[in-house]
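Read through the structure below, which is laid out as C-alpha cells, and then see the notes.
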Amino acid sequence: MSTGVWLIGARGSVAVTGMIGALAVRAGLAEPTGCVLESPELRSEAVPGIGELVFGGHDISSIPLVKKAAALAEAGILPARLAGVVQDALLEIEQDVRPLPVHDTQAGVAEAIGADLDRFRRRHHLERVVVINVSTTEPAPPPHPAHTDLDALRAALDGPDPVLPPSALAAYAALCAGCPYVDFTPSTGARLPALDALARSQGLPYAGHDGKTGETLVKSVLAPMFALRNLKVRTWSGTNLLGGGDGANLAEPAANAAKCASKQRVLAETLGYVPQGATRIDFLEDLDDFKTAWDLITFEGFLGTRMRMEFTWQGCDSALAAPLLLDLARLTAAAHRAGRTGPLTELAFFFKDPLGQVSHALAEQWQMLRDALAAFDARITRR
Amino acid sequence: MSTGVWLIGARGSVAVTGMIGALAVRAGLAEPTGCVLESPELRSEAVPGIGELVFGGHDISSIPLVKKAAALAEAGILPARLAGVVQDALLEIEQDVRPLPVHDTQAGVAEAIGADLDRFRRRHHLERVVVINVSTTEPAPPPHPAHTDLDALRAALDGPDPVLPPSALAAYAALCAGCPYVDFTPSTGARLPALDALARSQGLPYAGHDGKTGETLVKSVLAPMFALRNLKVRTWSGTNLLGGGDGANLAEPAANAAKCASKQRVLAETLGYVPQGATRIDFLEDLDDFKTAWDLITFEGFLGTRMRMEFTWQGCDSALAAPLLLDLARLTAAAHRAGRTGPLTELAFFFKDPLGQVSHALAEQWQMLRDALAAFDARITRR
Amino acid sequence: MSTGVWLIGARGSVAVTGMIGALAVRAGLAEPTGCVLESPELRSEAVPGIGELVFGGHDISSIPLVKKAAALAEAGILPARLAGVVQDALLEIEQDVRPLPVHDTQAGVAEAIGADLDRFRRRHHLERVVVINVSTTEPAPPPHPAHTDLDALRAALDGPDPVLPPSALAAYAALCAGCPYVDFTPSTGARLPALDALARSQGLPYAGHDGKTGETLVKSVLAPMFALRNLKVRTWSGTNLLGGGDGANLAEPAANAAKCASKQRVLAETLGYVPQGATRIDFLEDLDDFKTAWDLITFEGFLGTRMRMEFTWQGCDSALAAPLLLDLARLTAAAHRAGRTGPLTELAFFFKDPLGQVSHALAEQWQMLRDALAAFDARITRR
Amino acid sequence: MSTGVWLIGARGSVAVTGMIGALAVRAGLAEPTGCVLESPELRSEAVPGIGELVFGGHDISSIPLVKKAAALAEAGILPARLAGVVQDALLEIEQDVRPLPVHDTQAGVAEAIGADLDRFRRRHHLERVVVINVSTTEPAPPPHPAHTDLDALRAALDGPDPVLPPSALAAYAALCAGCPYVDFTPSTGARLPALDALARSQGLPYAGHDGKTGETLVKSVLAPMFALRNLKVRTWSGTNLLGGGDGANLAEPAANAAKCASKQRVLAETLGYVPQGATRIDFLEDLDDFKTAWDLITFEGFLGTRMRMEFTWQGCDSALAAPLLLDLARLTAAAHRAGRTGPLTELAFFFKDPLGQVSHALAEQWQMLRDALAAFDARITRR
C-alpha cells in the first residue's frame, strides 16, 4: 500500500526533517516520538506505515536535500550522525524534487504540476499521492469573484493575470490530478468555495490549516482548563520569538497578521469570549528553529480574586512539525482510501486554524480523531 | 430542598471563604466564578442551588468567623466590602459552628459528632447533611488491623487508644449518622476498607481526595497534552511556595510527603511512565494564601530533539478551593438524592488524588462529571 | 529650607502618588521605602527633607486630586486607608494645581507659566522651585532651526506657529523663571542646544530623561554582569505589558518608538555591541499600573556553549516612580543650592536615557551619585 | 614565565573543560569568552598568558582525560570537533595526572602530594605551581583542636586518625611545598586558622571559596539593585535543578546544606537583613551539566506596594566555571609573583563564599579586582 507524499516546499526545514525522520524510523534508527498515530490507542488498519511513504515535491529553492540536512544537523535539529546515515536515501528522493513549474497562465502551471504528480505516481507505482503544502506562508490574497465559483475559476486561470495565490493553485492542481490536499501553513490552500466544489466533484478530501506545534498547542489545553473550571480569563498575551526561514517570513507584517489571528482563534472559541491581549511574533534570527514563546494569562476567581499564570515554551519547530507531517500524510491517505470527501474537519487536532466549526479543545479534538480512525477502519473492512 | 454542609475545619480559610462566597452569591453581590456547576453544560435538576446551602461545622480553633473574615479581607482573599456586608449572616452561621467534641473513647467522640449533626439537621429542617473535611492535613496514620474490618473497628473504637486519625473518625461519625462524607484534604478520611464497608451498608456515598486547585490542575491538562502528542517527558520538577495555615502545616515533613505524592500521581497515570524529578512544597509565610508554583518540564521530540517548557502559577488557594467546596457539597447531595452509594469516582475532576482507577486527564474527568450529573438527573426524574 | 516642586502633569499617577507619599512620610504614616536618598550612605546636608517639599503644578486634566487618589487606592497602588488620611492635605495642594495656560503664542504661554511659578514661590515663601515633567510622553518633535540657537528660539516663540513641544516649552518657561528643570519622561524637555544655552546663561541645572523603574533598571545590572564576566550576549528581547494612562499613550507608535529606543540604549553602551532583539511595549488595559515585563537573554560562554536567562518583572509603575520623583526634586534642589549648572549627568542613576556620555551600569551610576552628593555638601559648607 | 596549574579533581568536568579550553585558546581555535582577565580593562603585566599554563593534578578516578573529553562533547559542553583536535595535547597532560597518594598517616599523604608537585615543577621548569581544588564537594568536617594551631596540626597529622578533610590536606601539602592554593569548591580548603598561619609563615597566598557561576552570580547583581534603590526584599526563594557528578554529590544532605548556606550569604550581607525564603538544590540527572535555577523575589516599594520578580537561569556549569579556573590560576600566580601573602580577599569577584569581610556586590568586587591587578603590576615593575 505505498503512498506518495508530494511536498510543496520540499526543500524546507519541515519537509526535510520529515523525510529524514521517516527514513530513520524505517531503518530502525529512531523512535517515532511525536508521531501521534503511533500511540497504541490510535493503531489503525487504514493508515499506511511510516515506512510505506514515498517522498517527492516542488520547491523554488534549489538547495540540495543533503545540504539542507547538513544545515539542520548543524543547527541541532537533527543528530549529525543521522544526517550522514540517510544520505543515500536522500539522494534518491532528490530525483523526485522538482522546481516549481512556470507557465504563461496559471492553468498552464496547474497542468504542469499535475504532470509532475502523474509521473511521480507512475514511477513509484503509488496507490495514491497526498499533496501537502509546507512552503513559506503567503499573505492573504485579495478577494476575487472567481474564488467562489468553479467554472469562473477555470475560465480565469486561462487568463494572463494570476487569480490564485501559490498555495491555492497547488491545491487546484492536486485536486484536478486526483490527489487529496493538506495545508500545513496558514496560507489559503483549498479554503475557497470554488476549490471545495472541485474537491467534492472529484470525490477528494482536503485538510488544514497551520500545524499546531507550540504556543497554540499549549493554549488548546490551558484555555479549556480555565473554561471547565469556570474561571474568567481577563487577559492572555503571547510573545513568540523565532528565527529560521519561517521566522524571517513571518516578520513580514502581512504574514504575521495571518499567523497571529490563527493563533488567537482558540481563545475566542474555547472561552466563548475574547480576553484582552494579543499574540506577537518577532523575528530573532539567532534562535533559528528553537522558538521561544512566553504567554501571560491573568484570570479572576471566586469573589473577583485576581490570579495569573505564565509559561515559557522552548520548542524546536521542525522537530515538532515533522512527525505531524507524517501523521497527516498517513491520515489523509486513509481518509481517501475510506472514500471520505470534502473538508477533513476531524483532523482539527493537528491544526491551529482547523476547517469547520469544531472544538478547539485538544482533548475533544483527539476523540474526534480516534473516532475518525475507527470510521475509516470500518469502511475499509466493509469493502 | 435545603442541604446542610457540615465543615470539619469550619473556621479555616477554605471554609470561611466558601461560606462568604455562598452568602454573597445568594445575595446577588458576587458572580459564581469558579463554581463549576454554574457552567451551562452542567446545569442539573438534581443539585441544590448555592442559595439552598446551610452551613455549620466543627473546629478546634475558636476564632470567630467574623474575625477570620476580616483577616481574609486584609490578606486580599476577599473584597473588604464583602466581609462587611455578610457580617450578620456569618454571626448566624456562628451558632452552628461547634468545638470538636472530646471524649474518653473515639466511639464517644463519634457519637457526640453524630449528635451535633442531628441537632443541625433538625434545627434547619434539612433534607440531608453533607460532611466535608477542610481541616488541617494530617500525617498518614500507622496501619491498624481494625482499618480493614468494620466489626473490628467498632470494637477498637470502644477501647482507650485512638485507632483512627481525626479525618477518618469524622468520616465514621458522618456515615453512622447517615451523612455522605467528602474529603477535600489528603488525609485518610473514608479511605479505609472498614469505612467503605460502612458507607455501603448505610447506603451512602463518599468522595475525595485533596482538592485540585493549582499546580496539579495545570498538570492534569499538560501531561495529557504531551501524552496525546506522543512526546516523551524526560523530567518534571515542581516547586510550590506557599504561606498561610496550610503552608505552615505542609512544611512538616510527614504532611509534605503525603501532599507531594498525591501531586505526582497524575504524571505516572497519565503518561504511563514516571519522568525524573520531584515536587516540593516550601513554606514561605509572607506569601500567605497566594501560592506560587514553578514547574520545569523537559521533553524529547522527533529524532531525540530536547525541548522544555516551564510555567509559573500564582494562585490564591482559598479563592480557588472555596467554589469547589460548594460544587462538592451540591454534587454529593445530588448523588445521595439519586441513591448513589460507595466511592464517588465520578468526581475525580475535583481531586488531586481521586478515588478509584480513573483517568487523571482533566478533559476526561469533566466528561465523567457531566455523565454523572445526567445519570443523577435521570434517576431523580424516574422516581 | 522649604522647596517647591512644580509638576507638569500634576494630576497624573506618578505625581499624585508622589504627593501622597510625601505627605504620608511627613506624617509618620509610611516608611520612605524606595526613596534612594534615605539610604544611610547617601545622607546629605545639602538636600531638603521629604517633609520640606511643597507641591503644585500644571495639568490639562481637571480631575480633582482627591478623586485621583481614590482611583489609585482602588487600583491597589495606594493603601485605601492612606488616601483617606491625607485628604485634607491634598485639598490644600489642589489650590496650587492650575490648568496649563493657553495663549496665542508660545512666548505667551511661557510667560504665563512663569507667572504661575512666581505666584507659587511667593505664596509659600519657597527658597527655590524645581519644575519636574511627569506628563504624558510626547512624540519626538520635527527638527526646527530655532532649536539650536537661543536668540532664534526667542524670536520664533513670538510667532504664531508652535516651535517647541510642550515639554520643551515647560523647560523654557522654568529656566526663564529661574527654576531648575527635571524631565522624568522620554520627551524633549531641556534637551535642545538652545535650552542648554539658556540654562547655562541663567546659572541653572537641568536633569533627565525617563525615570528608570522597571525592566531597564534590571537591565542596568544584568548587562554589566555579562560584560564583567566577559560573556557574549547574543540576543536580548523584551516584552512590556502595561495598562494605565501611560500604557495607553505608549501604545501610540511614535511614543512607543521613543520609549523603546531609550530602553535598549543601556545594552549598546554597557556591552559595547548591540545584541539581536528588540524591546516592545504592548498596551494591556486590565493590568493598569501593574506592568509586567518579560526578557529573554541568550548568551554564549566558553567554547561557544549557548545558555539563556529569562526574567519576569511585575512592578507597580507609580509606586516605583513616585519615590524617585521625590529624590529628584531634592537632589536638583541641592544641586541648585550648590551652584551646579547645566546638565546633571551625575543623576544618571535615575534615568533610562541619562544626559551626557555616562556609564549605564547601575553600580557606577550610584557611585557618581554618592560623589555628587559629597560635592554638593562640600560646596554648601564652604559657603 | 610558565606557570603550573595542579588540579585536585583533575579528571572532573570543570578541570577537563578548563584544560581543553586553554589548549584551544592557545591554538587559536577558540575565543577566551568568559575569561574575565581578557577584558581590556583588566590587561596586566603580572598575569601569565593562558598559553603559558601547564596542567597536571590528582584524582581518585582513573577515567582517561580523552574519554572524559568525549563525554563532555557528547553532553554538549564542548564542540565535538574541539575534543578531537586537542586529543594529542590531552594525552600529554595525562602524563601529569596521578592517582591521589595513599599512606598510613595524613602526614605521609601530604609528603607524597608534595613530591608529586616537585616532580611536576621540575619536569616542566615551572616558575611556580598553583594548586586548585576542583574535586567533589565534601561535607563540613567535625571541629578538631588541631585545626586552630599549626604545631598541634603537625603533630596530629602524624597520628593514625585523619584530622583534616581531603581539601584541607591538599591545602596543607600545597603550602608546605611552597605552592599557593585556591579552592573552587565549598569544601574546607585552607580555611582553618592553622593553615592560615602556615600560609603566612610560608609567604604564600591562598584563595576561595566556591566558584560563582550561576544563580549566585545573578544574586550578586540583583540584591545590590534592590539595596541601592532602597526597596525592601520580603522573600527570596531559589530552586536549583542540576545533574552531573556535582549534582549527584550535592543531593547528599550535608553537601547540599554547605552549598545552600554559601548561596544565601550574599543576601544577608548585601541587603543588611535576611529576607524569608531558602535556596534548594535538587538533583535532576537528566539535565546533566545544564543546570536550571529559578528564583522568586517578592519586594515592597513605596507605601507598601507589593511587587515581584522571578528569573530562570539555564547555564552550563562547566562552561561557566572553566574560564574562571584559568583566571584564578593566572591571578594567584600573579599575586604570588607580587609577593602577596595570606587570604586573597581581593578575588571575591569569583566566589560565592569569599574569604574575608568583603562586599558581595559584583560591581564592587570587580573594582577590588581591578585595583588588585594594578597593585600586582606596580609591585612587579618596582622590582
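Residue numbering begins at 1 within each chain, and the chains themselves are lettered A, B, C and D in the order written.
Here is the rule we use: a contact is a pair of C-beta atoms (placed from the backbone, for glycine too) under 8 Å apart; a residue touches a chain by one contact, two chains touch by 3 or more.
Protein names from UniProt, one per chain: A, B, C, D = Myo-inositol-1-phosphate synthase.
This structure is a prediction, so every number in the text was calculated from the model and none was measured.
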Chain-contact steps, minimal, separating chain D from chain A: 2
Name whichever of C-D and B-D has more C-beta pairs touching across its two chains. C-D
Between chain C and chain D, what is the gap in Å from one C-alpha centre to the other? 43
Note: chain D sits from chain B at a C-alpha centroid distance in Å of 50
Can you tell me which residues of chain A touch two or more of the remaining chains? 310, 312
Treating touching as the only link between chains, describe the layout with one word: line, ring, star, complete or other. ring
Got a list of which chains touch which? A-B, A-C, B-D, C-D
Looking at the complex, which residues from chain C come into contact with chain D? 17, 20-21, 24, 30, 32-36, 38-39, 76-79, 82, 217-218, 220-222, 224-225, 227-232, 300-305, 307-316, 319-320, 322-323, 349, 361-364, 366
Contacts from chain B onto chain D in the complex sit at residues 234-235, 237, 239, 241, 276-278, 280, 282, 284-287, 292, 294, 296, 298, 310, 312
